[in-house]
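What follows is chain A paired twice: with chain B in the first complex and chain C in the second.
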Partner chain A sequence: MRRVLPVLVVTAAIVVIWYAASVWMNSTWTLDQAERAGETPTFGQIVADTMAQDRPLLPPPHQVAAELWELTAEKKITSKRSLVYHGWITLQATMLGFAVGAIMGIALAIGIVHSRTMDMSVMPWAIISQTVPIVAIAPMIIVLSNAVGIDGRTVPKTIISAYLSYFPVLVSMVKGLRSPDAMQLDLLRTYSASNAQTFWKLRLPASLPYFFASMKVAVAASLVGAIVGELPTGAIQGLGARMLIGSQFGEPMIMWTALFAAAILAAGLVFLVGLLERLALRLTGQGAP
Partner chain B sequence: MSWILGALVFWGAAWALNAWLANSPYRGRRGTKIAVPLIFGLAVLVVWEGLVRGFGVSGVILPPPSVIWARIVLSVDILWVDFVQTFVKGALAGYLIGCAAALAVAVVIDRSPFLQQGLLPVGNFVAALPIVGIAPIMVMWFGFDWQSKAAVVVVMVFFPVLVNTVAGLAATDAMQRDLMKTYSASYVQTLVKLRLPAAMPFVFNGLKISTTLALIGAIVAEFFGSPIRGMGFRISTSVGQLALDMVWAEIAVAAVAGTAFYGVVAAVEKVVTFWHPSQRS
Partner chain C sequence: MADRIEHSVKPPVIVAEDLNLTFQTSDGPVHALKDVTLTIGKGEFVSFIGPSGCGKTTFLRVIAALEQPTGGTITVNGVSPDAARRARAYGYVFQAAGLYPWRTIAGNVKLPLEIMGFSKAEQDERVRKVLELVDLSGFGKKYPWQLSGGMQQRASIARALAFDADILLMDEPFGALDEIVRDHLNEQLLKLWARTEKTIGFVTHSIPEAVYLSTKIVVMSPRPGRITDVIESPLPRERPLDIRDTPEFLQIAHRVREGLRAGHAYDE
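== the complex of A and B ==
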């Protein structure tokens, strides 16, 4: 309770500020309308109007929540407006990209740990690759994969989210695979263990905590990748596409609900990875008692 | 055929040279540490050029590096205008505002344990969310020009810097704080002379993560509307015209700008946190 209270207070404060801001930002429109009608609304009327506009600059929390509920729980999943449907499209690309990225990261890390040449030549470029804004490449990846004859957007989205998610995995796995100290490595040498045995019995289990720490970052990054992959070339399915459509048609509610759906998806994924982490660490005997 | 063979031979030779360098007695030298990745990068470029020319890949799919370079040289003025619009006005302005705000907020909430316990979980949570999603909202609020891009960047860099700074301000141990107390140092003195310097490695961690986020935010926001200049704008329109050499030229500029940005922050970190073990070896 002691740790929950401050979080609750802060969250409540954010909601209050949000309400105040939406009254302030939406009131311009209300006053404008009233002036045209030749009325002078009272403060109470202004507040009431700002709470329920069709195209608010900043929709108040309950309006977003109501819209979110309508688009997820009350719409049929097959409906083109259902956020569950769009979220599912995005989630597919996210999971594919996440899997590809994680495998790539682990493979590169294994190579780097075992080959000094690879360590010296590839590692600096892996770092540089992350300073390249991948979103700049996104439109081109989509065109490229179309030119090579791949239909649909799943493949380009997967590439983008894999590109964003491999790096945290790579860095943590290099750290993790190198985390056994000299004493432990020496012990395995006295057992005359082969390189492969050292890898499977010592290095890999030792890297598990690092692996899961990076998974949380990677899954969030690959969701960003999937959303960004939906932006540039007019996709019509997926949460990113909803944001773009909302932006182009001037429908703030679509943008806000897509944003919150993406946030909820991200939170769910991170939470899931956290659960897996606890489970895996307990199974390997490394978890907190 | 000769292009492909040449490229493969060059690749093999470069890898052999790197393998030799990496296992030679010179491997600890600074020059070697820089040369090895450079040779690797050069080999990738040569293989790219060789394969594209050898297989006759159309320029609409993948132009060779030499063509891209020619395009960069030809359109320096366009690239410069885009660079100023996206990087200097959008990313850099937003980065400076966002980082300054995060540092200020971190110092303020550091005074209140209650706020710390409340804001840290919220901040950590928000830092994991896909914040790029606010880009269309910011474009709606601040218009098409660079202000909306800077606003996206401000929000994107705010939370990583905030979370890291708060963690950094807690990094001094009781002994050090007690020492300051025996000097009868005031709150401000303790903050400036002990806690802020001690927090710097953490702060720079956040600042370095934010450099990439800043560029991503600025470019993504341009997909939602921008004036007729800017890297994101140029890339999406050039893709439409199948002018892939221009796209790659912009990507090259973005890559150099991103790397340089990161490099500058890392260089400042080296100067500021010279005392930290990770900088001394």
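== the complex of A and C ==
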């Protein structure tokens, strides 16, 4: 209970602020309409109106929740408006990009830890790659992959998603694989252990906590990457496409529901990684007693 | 005196002659070891004692081929430290137990056996035997965090003993433990030494510990790291804890203290 209370308080505060902001932002429209009709609405009337507009600037929580429910649970998933359908499109690219990014990050980290040359030559480029805004690169990746004859958007979306997710994995895994101290490494030297044995018996298991921390960041970054990959050049499928359509056609409800669908998806993915982490730590005896 | 003669005729296991080791640092060269000459016979228990920077740990690391000397010669079992390591001549115990938190106690003790390629059956048999040797039978399935500091260090000793090395090198193994646990482990270590007849090199800060355990005490001093005194202990090999109150014991302790004082520069 002591842990639930603060969480509830924070959540309630956010909802209250959200409602207040909804009233404030949507009231412009309400007052505008009233003025044209020559009416002067009371404060109660204004609030009531801001809660139920068709195209609210900032839809209040209950509207978003209702719309989310309609677009996920009540729509058939084959419908072009179903968020389950669009979420699934985005999830596919996310998972592909996540897999590619994670493998790439781990492989590069292994190389960097074992080779000073790779450390010097790869690490700077990895860092530079992250200073380039992804929204600048995304359209180029899509255009280039079309130019080399790749149909559809799965491949470019996967590339963009992997581009965002490999970096946190790389940085964490380099740190994790280097986490054994000098004494631990000396101990293995006294056994005349090979580099491969040092890797499998010491470095890899020691990096496990770092691995899972990076997986949580990477899976969320993959989702962002997939969505960014859907934004440019008129995609019509995926959560990113819904966000773009919503903003272009002045339909805030579409935008907000897509946004929340993405957030819920990300939370679910991070939660899933957390479960795997707990399982792995328990299997290796490191779980909390 | 017959005891001392018996010591000196034991075949030498570690022979160092004019050993030098100089580290190049940004502040100029540091003489970690200077002209160190020492012979350690089979079955001896040799303690290295001295203040920080006297080279006692460095010397142990040279024996273990973890450091390369810059001058002089050293042989372990008649060959170079490197060759001796490949022949599994020694087990090394560090100041911290350094057990892998993701492995059980048995799994930790098994680590060197896996690396050295022992068969599964032999691994299990050896783990059982060495855990019994350090009084940890029944703790094999526990994880390190479930054991006290003293028990963890015993497990790390078991790990060093698992592959039957003749030499046990211990670098302040009980330095991080409290005095009561330390006394207990010292007593156990002597029993283990008597049973296994290993040659032990033991680095310590503690005069009572050095005198209580050793057949030979090597007193060292810093800047440059060198040997200032080598004391052959006249104490019998069988040593109850209260031997530390006997005049002989106090006499050796006094000589160690004198050696430390003589070698210590009081200009800092």
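Operating definition for what follows: the second predicted complex is superposed on the first by the 289 of 289 C-alpha atoms of A that agree within 3 Å, B and C clash if a C-alpha of one lies under 4 Å from a C-alpha of the other, contacts with A are read in each partner's own complex, and residues count from 1 in each chain.
Rule of thumb we're sticking to: a residue touches a chain if its C-beta (ideal position, glycine included) is under 8 Å from a C-beta of that chain, and two chains touch if they have at least 3 such contacts.
Quantities reported herein were computed from a predicted structural model and do not represent experimental measurements.
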| item | value |
| --- | --- |
| Joint occupancy of chain A by chain B and chain C, clash or fit | fit |
| Which superposed partner A:38 touches (first chain B, second chain C, both, neither) | neither |
| Which partner, chain B or chain C, touches more chain A residues | B |
| Contacts of A:284 with chain B and chain C, given as first, second, both or neither | second |
| Which of chain B and chain C A:270 touches, first, second, both or neither | first |
| Contacts of A:139 with chain B and chain C, given as first, second, both or neither | first |
| Partner chain in contact with A:149 - chain B first, chain C second, else both or neither | neither |
| Where chain B and chain C come nearest after superposition, their Cα distance in Å | 12 |
| Chain A positions touched by chain B in one structure and by chain C in the second | none |
| In the complex with chain B, residue positions of chain A that touch it | 3, 6-11, 14, 57, 116-117, 119-125, 128, 130-137, 139-140, 142-144, 147-148, 216-217, 220, 223-224, 227-228, 231-233, 239-240, 243-244, 246-247, 250, 252, 255-256, 258-259, 262-263, 266-267, 270 |
| Residues on chain B engaged by chain A in the complex (per definition of touch) | 15, 18-19, 21-23, 27, 32-33, 36-37, 39-41, 60-62, 114-119, 121-122, 125, 128-130, 132-137, 139-141, 211-212, 215-216, 219-220, 223-225, 231-232, 235-236, 239, 242, 244, 247-248, 250-251, 254-255, 258-259, 261-262 |
| Complex interface listing, chain C residues touching chain A | 64, 66, 85-86, 90-92, 94-96, 98, 100-104, 111-112, 114-116, 143, 145 |
| Residues of chain A defined as touching chain C within the complex | 183-184, 186-193, 197, 201-202, 205-206, 208, 284-286, 289 |
